[in-house]
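Sharing a structure here in structure tokens format.
Order of writing sets the labels: A, B, C and D. Residues in every chain begin at 1.
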Amino acid sequence: MKKCLALILTVVMLLPVMALAENYAGEIVIGIYEPASGTSGAGGKQEALGIYYANYLAPTVELSDGVYKVKLVEVDNQSSPDKAPSAAQQLVSEGVSIVLGSYGSGVCIAAADIFDAAGLVAIGISCTNPQVTLGNPLYYRICYLDPFQGTVLANYAKDEFNATKAYTLAELGNDYDVGLAYYFAEAFKGLGGEVKGEEFPKGNSDFTAYLTSAVNSGAEIIFAPTSVEYATQIITQAAANGITIPIMAGDTWDNVRILEAAEGTDLSISVSTFFDEGDTGALAAEFVTGFKAWLNENPEKLANNGGSDIVAAVSALGYDGYMVALEALKRADSGDRDDIADVVAEVTYEGVTGFIAFDENGDAIRDQAFIIKTDNETGTWQFVKVQNVSDIAK
Amino acid sequence: MADSMLKLNNITMQFGGVIAVDDFSIVVKQNEIVAIIGPNGAGKTTAFNCVTGIYPPTSGQVFFENRLIVSNYPNKKMKALYAGGNKNFPKEKVCLTPDKITRLGMARTFQNIRLFKSQTVFENVLIATHLHQKCNLFSAVFRLNHQQEQAARKHAMDMLEVVGLLEVKDELATSLPYGQQRRLEIARALATKPKMLLLDEPAAGMNPQETAELAQFIRQIKERFRLTVLLIEHHMDLVMSISDRIYVLDFGRLIAHGTPEQVQDDPKVIAAYLGEDEE
Amino acid sequence: MKVFKIILSLLLAIIACLLIFFSINALDLSALLKEIVPLETMQQDAGLEKAVKRINDCLADGNQNRALRSLNRLLDDYPDKVHLDVQTKLDLFFYRNNKVMLTLGVYVLFFSAALAVSAFLKQQKHQTAVLVAILVASLYAGIYIVEDLVGVNSMLMTVLKKGAIYALLAVSMNLLNGFTGLFSLGQAGFMLVGAYTYAIFTIENTSRAQVYQYYQGGLVQFTLPTLVAILLAGLAAAFFAFLIGLPVLRLKSDYLAIATLGFAEIIRAVLQYDGLGRITNGSNLLRKFTTFNTALFPFAVSGICIALIALLIHSTYGRSFKAIRDDEVAAEAMGINLFVYKQLAFVISSFFAGIGGALLAMYQTTVQAAAFTSAMTYEILLIVVIGGMGSISGSILASFLFIASSEWWLRFLDNVTYIGTFKVPFFRSGFRMVVFSVIIMVVVLFYRKGIMGDKEFSLKSLMEPRKGGKRRG
Amino acid sequence: MYDFISANLPYLLAGISVGGQYAMIAIGYTMVYGILRLINFAHGDVFTAAAYAMVYMNATMPLYLSLPLTILFTVILGYSVERIAYKPLRSAPRMSIMISSIGASYLLQNLMWYITSGLARQYPTIPWISKTVTIFTATTKMVTLVTPVLTLVLVLLLVQLINHTKIGMAMRAVSKDFETSRLMGIKINKVISVTFMIGSFLAAIGSMLYFTNYTAVVPTAGAMPGLKAFVAAVFGGIGSIPGAVIGAFIIGIVENIIKAVGLTTFSDAFTFALLIFILIFKPTGLFGEVIHEKV
């Protein structure tokens, strides 16, 4: 007993030392705050891949006092807001200069205050919920927001399927789902449609009941902006129950698993996203080819991308996120959190997903979304159209 | 019957089809030592449990100091099943819980010793004193009741002294030898300041010499605390030596009662103990 | 001996006074700056001037930490330019470690006082009282100093904060499962009630509109002071416990467990219900409520709560709880009203669980019903088991160990690591929890009594080997 | 009327099939409880593990191999859980066995999380049962129809086994009185092992049916069904197999009715409400018998 107590005490004594030990000379550390596991694990991994690819292309950053090596530190927020704080804390204590991430909005919101307290700038990559940047001065983001995405999709539903009744399905307590569903509903009502909304509890696997009530509600469109894990189930069960109503979703569904699930079914699935693989712009094309090559040379990376080399939009965003971070470092001309905080708002960057600049909230000023749909024969994405803000009465 | 301490009227206890106690009535007067004897499975302990409210009898009534503490009659399934001797059931249904009955001043010990295993001898007795501590949560937590607490500890010590366990007071209760555990149970019962003491086979597993001591001891405490004692026992010599009156149970039925002498040469009793040829 | 003590305490007192004096009269940064960087040297170097300016700007903004950070950078950027004599060094030191030195001073003063007092005390009891007082003081002073040294956001402080909170949660669960022998699995439910009650009543009015964006800014439109809200959180949990206890406490061991588990799930569902959205914000995050940023707060709160529980357990009520645990029938025969006491234990335990929940919410800075699953209860239960059913100190010790290992020490297991070119096998996300649960299983199977068994950690037990009774496994 | 049916038939079908799948798990719970008086919290995770086994095996080998192997694997897993987590604690108080079962479940979940890094795996399609059929208005998978039938068949077999074989008799004896039957020379450990094996076997079958319907497998997939199945067992009267089955079907169906009504938030909570209701008003469940405590 005494011995074990003594041991514990000594360990406790040593802790502060260990805590202080971390420091990187000649290096600048960028934190990757992504889910590597859990419901948004798949997406998180793809986003991280984009960042790693960018780091592979630009492994250093040149400041006035010499070239610094950029080191990436990744923590897994396990896609759950209750695990997020300690993950965020870890990044903070690792002494990172700036944070990238995350995929999924809930974890960002959960971590925002912790980053803020540490004076640490975070650049959200594909977290589209307004609350991420709202009232969090140090949280920026390079993707568009749900109100915009919601509006885009609502309009698309109206124009493409001339739907007047919609059914929205979201995961209970998932800020991304609930938020996007909400804004979609608002916009759709605005366009004179009516909406029936339902939420399913975390970990639910039986969607037949929901799909049935969707049918019973006479909806002409099902909007289910869920995370991929649930998406695949919704698709398979919809197929099994012979649902023919077109299904729509947000950026999360731009994922290989969706294609796999949809392949061979006769469902119509359309998704809004940030980036289209078939984009013919010079930057985009270059990125796509380079990224594919980079993926294919390493099976592990390929596996993390969902086993295929189809370029997910979040990877492209991840790439841009890293580049924006570098821009911020250059502009601040130091790895000091405060210096970065001062300048990041002014950063602009011509990324593969379009031109990036921040507005007063720290949100990217974006004006276009890509809409793509599944091709169930070939199991690939099919580009439909680019939806611009200007096209739709906001 | 002004001075009757405990009174059982036609107690019948039936588990499913089995009749453990059948139409059993006794009276215990103040400052008496009364014994219930009978072969194993005669229903002695069952009767005890009915009296102390651990479970209600199928039918019958129990009075403690002329206050009705237990009263029940068969209903639901039992009505159909019922096979007890007494047919005139009490009307009302009363069933005080064991703690209430203890509060009224009836303390008991258990046949299969039930001490608080993880506690020391002293703590075991101390717990029993709680009954007489009148204090609310607040004053208990913030120790505003320390004189009371002191009194309680003092009382507990006294009880330990009475049963002569003072020197082992800091041992774990369960680490004591059998005989001492029984004494501890008695001490614990006494700590609730009872008017009446129910002893369930106090001499079980004791050698003759210990038993003799016990007899002595029971008389002692009876005098000292002006107790009425009802005990269940196998050891004939113990019973005969201390009890004023004896009730004999066999197969749940009362077969004889009276002074030790009377009971001793009652043929039915002898039959019950030695077994008979016919039957 | 006595004389020696007094002299010592006097010496300490003097040192303390010096410390306090210096740290109070420490120069403020702008003055220091003039000392360190004389005007003329500054004018010679534009970079230096810029650096000094930024520091002054920070001071103007009132951003102390940042000013300090900038100063440090200036010092290592221009080691030759700055002039540091002993005097300035001392000033600088006292400026940098102002808080620490002040605390140290106050603490030493207290220590010397205690020493002096103890010199005049006859009774052993009072002596120990003083000793305990000193220990407690040392603990809090220690935390405060360490926090200032390693920074409030270091992993160490994170662990300490969470550990303190879990300690309270574990002890409150131990009160029920360990001391009263009621196997309840409702903890997460009551934590949830506490957390939500706290959160709802302390969200700043200004940000309510934003938090309750889907529910027209919510119903509650006022903000309670933190401590009141925490108390309220406890009461709310206790109230639920009271209602739930009425039916379920009559159930036997594992039925009770599953019933309480069920109630926790029900509470979770109800709080996520859309219809209550204007109060609970539906299933969405609650955020922007008052939180703490020093580890002292959770330490203080759970410290007090645990102390209360300890007092309760050693009172006559606590004795009755243990009696019920050991033998219900006998306890009842001793005049203990089973139901009342079970209900009491249940309600009290839940009260503290509620407070723990509130603290957890503060720690997480956001709270969401979906997170309070039965897994959370199991975690706390396992802590209790590791610490030892029926040992408060065990639970506390176990909580800190549990949190430290799961959040920090074992994290390296989660990162793919290379020793040279050799890739360490198994190391990747999730391995930590595997190792962790294996350790737990080992404890559960082979050290069933946990670290402390049902004994308490006491100074005596450190001095002399404990006599008898206690055996492991 | 026709509309009403066509609108609600899907709910009913879903209810019946999921009910059947719960039943498969519930039997495992109820048998173990009957003998050890232990809530085997790990059972739900064994159920999940079966699914993963299927996923991985099917990736490497043909169906006619992977099916039996999965079942075998699950049975072995169930057996070893008992051996490792419960056997050492035979003589220990019930509470610590229960804690051990919680620990075991914790371990299994974390292990599965580690192996799959928590990502959803797609359950392989088992040919015949996963083809879609149409029962007048409602379209669904074949498994929906197969489940209840298969469940009943298996239960009947099980009842036969328990009533008419030596081991079955031993089981009944042990569940009646642990100590006495030990004294009677019944090999307690053997009986317990067999019980766990049977439970796991059914869990394996259950998982095949369940995940054919709900194709995403995650480490926690089994937790909820597991708990619900236990509730079903309690509801039907713990220790009674027909009770468990009936309870399971009731829960499955009502759960879907709740969803149909639109109280989706409460679909899980309801199950527990039901549990508490039954515990308070009929603690022994529908078919359970009372046990007396000796004083």
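Convention: a contact is a pair of C-beta atoms (placed from the backbone, for glycine too) under 8 Å apart; a residue touches a chain by one contact, two chains touch by 3 or more.
Quick caveat: nothing in here was measured; it's all calculated off a predicted structure.
Chemist: If we look at chain B and chain D, which chains touch each of them?
Modeler: Both chain B and chain D are touched by C, going by the contact rule given at the top.
Chemist: Looking at C-alpha means, what's the farthest chain from chain A?
Modeler: The most remote chain is B.
Chemist: Once you find the CA centre of chain C and the CA centre of chain D, what distance in Å lies between them?
Modeler: 40
Chemist: Please work out the Cα centroid separation of chain A and chain D, and write it as a whole number of Å.
Modeler: Roughly 37 Å separates the two chain centres.
Chemist: With chain centres defined as C-alpha means, what is the inter-centre distance between chain B and chain C in Å?
Modeler: Centre-to-centre distance between chain B and chain C: 51 Å.
Chemist: Could you state the distance in Å from the CA-based centre of chain A to that of chain C?
Modeler: Here the centre of chain C sits 33 Å away from the centre of chain A.
Chemist: If a residue has to touch 2 or more other chains to count, which residues of chain B qualify?
Modeler: Residues 54, 110 of chain B touch two or more partner chains.
Chemist: Which chain D residues reach two or more other chains?
Modeler: Residues 113, 117-118, 223, 265, 268, 295.
Chemist: Indicate the residues of chain C shared as contacts by at least two other chains.
Modeler: Only 269, 272, 274, 283, 329, 429-430 qualify.
Chemist: Which chain B residues qualify as touching chain C in the complex?
Modeler: Chain B residues touching chain C: 52, 54, 97-100, 102-103, 107-108, 110, 114-119, 123, 126-128, 130-131, 133, 135, 137, 140-143, 145, 149, 152, 172, 188, 192.
Chemist: Within the complex, which stretch of chain A touches chain C?
Modeler: Against chain C, chain A makes touches at 1-2, 4-5, 8, 15-16, 18-20, 36-37, 76, 80-82, 85-86, 89-90, 92-93, 106, 109-110, 113-114, 117-119, 130-131, 134-135, 172-173, 175, 178, 182, 199, 201-202, 336, 338.
Chemist: Touching chain A in the complex: which residues of chain C?
Modeler: That would be residues 58, 63, 65-66, 69-70, 73, 146, 149-156, 158-159, 162, 207, 210, 213-214, 269, 272, 274, 282-285, 287-288, 291, 293, 363-366, 368-371, 397, 401, 404, 407, 411, 414, 429-430, 451, 457, 461-462, 465-466, 470 of chain C.
Chemist: Under the touch definition given earlier, write down the residues of chain C that touch chain B in their complex.
Modeler: Within the complex, chain C contacts chain B at residues 308, 311-312, 315-317, 319-320, 322-323, 325-327, 329-338, 344, 390, 454, 469.
Chemist: Applying the document's contact rule, which stretches of chain A touch chain D when the two form their complex?
Modeler: 36-39, 41-42, 78, 172, 198-201, 203-210, 212-213, 216, 228-230, 232-233, 236-237, 239-242, 257, 260-261
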